[in-house]
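What follows is a set of structures to go through.
Common to both upcoming complexes is chain A, partnered first by chain B, then by chain C.
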Partner chain A sequence: MHSFGYRANAVLTFALTILALMCAIASFSDNFNFPSPSAEIQIVGFNGFKKKPHGNDEVSLTMNITADLQSLFTWNTKQLFVFVAAEYETPQNSLNQVSLWDAIILAKEHAKFWIQTKNKYRFVDQGSNLRGKDFNLTLHWHVMPKTGKMFADKLVMSGFRIPEEHR
Partner chain B sequence: MDWQGQKVVELWMQVMLLVFAVVAFVTGYITASFRTMMLIYAGGVVFTSLVTVPNWPFFNRHPLKWLDPSEAEKHPKPQPQAVASKDKKKSSKK
Partner chain C sequence: MGWIAEHVESIKSMKIRDTLSQLITLGMIVSTALIIWKALMCLTGSESPVVVVLSGSMEPGFKRGDILFLHMSEAPFRAGEIVVYNVEGKPIPIVHRVIEVHEQENSGKVDMLTKGDANHADDRSLYAYGQNWLKPQQIMGRAVGFVPYAGWVTIIMTEKPIIKYMLVGALDSAGETYLLF
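Now for the complex of A and B:
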């Protein structure tokens, strides 16, 4: 502590170490949050069905997404990344997951929402398995923190079916 | 800064930073505002630096008593021997 430079260095280093500790504790405090999110998805209708002779099946649909994800927000939450994935089984793959829609929710107020939308990303299969296919729509969320550990979870909604092609 | 001052300053620095950290965290957690925690802590760091880093006169109340110049002249510093090099052992080269 014998010189200005020495003391300045000591203050800054100690201050930064304590800051790192504070961030670790802040992240740990997220474990004391027990969220109760809810969501519902309804398929308004299927808009189109592409069946290519030597290509992959593709389906286009419109859905209503209702969700209340407000309880996921903590003081240490920067944003919520949410996406809807269609999940189904095929002879080739035991699990196919196709992301249909996603959003970034920046504030707790916006976490309770209703949206009617076409699928943002294409619902394409690896092959031609989609006709008459039963699938789940799963809402996944990633709680992205300001500092520390990210929590991720999901809500599975089953009972959806792609109709047989009728053209 | 004298020795006493340095000791005091080190202690004050550690205590002040810890106290500000605790106050900042608790306030931030209660108000659910990460921003509040950061602002209080940043303010605390600046305040601590202002108190402990500059050489305030308060930290120099027990100055070191250096020897008086007139006294120092009476006891001259020993001079290095000018002719001493011959006495050194030279390592033999093989």
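Now for the complex of A and C:
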């Protein structure tokens, strides 16, 4: 009963139990953070409109993204995955979400930012519904913890419109 | 001569008892692991509730050897969620993020596009030949929780089977253990 193997096993088991418990507590402590993130997105301009061969519309745009997501960071936060998605409805689809831009924020100091950017990913519709289309831009964030439960939330900014005519 | 036979008898019975108790302990370990696994399957609704990350395509969020807890619910899939999906003809499931969703209301048809956070291009080239969109039927679950490094045990055991046998041997001799994989 008191062999080396038995004792090594007991120590290992105890260490792992404590470690697991500490991870659980660290993850649980995230629940006491009540963040108040803010963000604003402006569209600077539409740079182009393309009709792809099989009929899908594609739009290119430039936007200004201003955000303060510092309050999302806790001691258990490894990174923040932030992305901007265009969300709109078409006769065929009740929901379209197209990611336009994303970023990984590793430190609290970088979570307050301003950026002017073109869409990083292509804004292509499933069909040809983008002329004069009303759409929302939504800033989503996914909090990835050092350990434990992941959190996600978003800010919806509505009232954007793709013009009918393009140069 | 009588007392020798007695001793031999007792030694023989001891050995059988030891072996039996070791076998039972091993059986307990295996069945406890199975019970926990099956219970997690019921609770999470996912056929593989715990998966190990094998590639670095989601770095720095998930690294090789991290463990993900999956959940499968009726809730519709949305952009930003990290899902684990199967591709027809590929044995290993992929953990990537949904970046596009096109959902039809009437038919319930959902088209999705995924991408690894650390990859430059989206996943179209990973899908089966001629497949442009990921379907909900391919998804095994969405990642809801995360534990770093814990999956290394599994990776090492899969890639160096000898360690698995050594570990089973160690469990056997140590008697009781609470280590479950």
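In this text, the second predicted complex is superposed on the first by the 161 of 167 C-alpha atoms of A that agree within 3 Å, B and C clash if a C-alpha of one lies under 4 Å from a C-alpha of the other, contacts with A are read in each partner's own complex, and residues count from 1 in each chain.
What we mean here is this: a residue touches a chain if its C-beta (ideal position, glycine included) is under 8 Å from a C-beta of that chain, and two chains touch if they have at least 3 such contacts.
Because the structure is a prediction, the values reported are computed rather than measured.
Comparing chain B with chain C, more residues of chain A are touched by C. Of the two partner chains placed around the shared chain by superposition, chain C is the only one that A:93 touches, whereas chain B remains out of contact.
In the superposition on chain A, A:43 contacts neither chain B nor chain C. When the two structures are aligned on the shared chain, A:79 is found in touch with chain C, with no touch to chain B.
Of the two partner chains placed around the shared chain by superposition, chain C is the only one that A:126 touches, whereas chain B remains out of contact.
With both structures placed on the common chain, the touch criterion links A:115 to neither chain B nor chain C.
By the touch criterion stated above, A:146 is placed in contact with chain B and with chain C alike. Contacts of A:156 after superposition: neither chain B nor chain C is touched. The residues of chain A shared by its contacts with chain B and with chain C are 8, 12, 146.
Partner chain A is touched in their complex by these residues of chain C: 60-61, 78-82, 97, 99-105, 111, 117, 122, 143-148, 170, 173-179.
Here chain A touches chain B in the complex through residues 1-2, 4, 7-8, 10-12, 14-15, 18-19, 21-22, 25-26, 29, 74-76, 146, going by the rule given at the top. Chain A meets chain C in the complex at residues 3, 5-6, 8-9, 12-13, 16-17, 23, 27, 78-79, 81, 83, 85, 92-99, 102, 104, 106, 121, 126, 140, 142, 144-150, 152, 154. If you check the complex, the residues on chain B that touch chain A are 1, 6-7, 9-10, 13-14, 17-18, 21, 24-25, 28-29, 32-34, 37, 41, 45, 48-49, 52-55.
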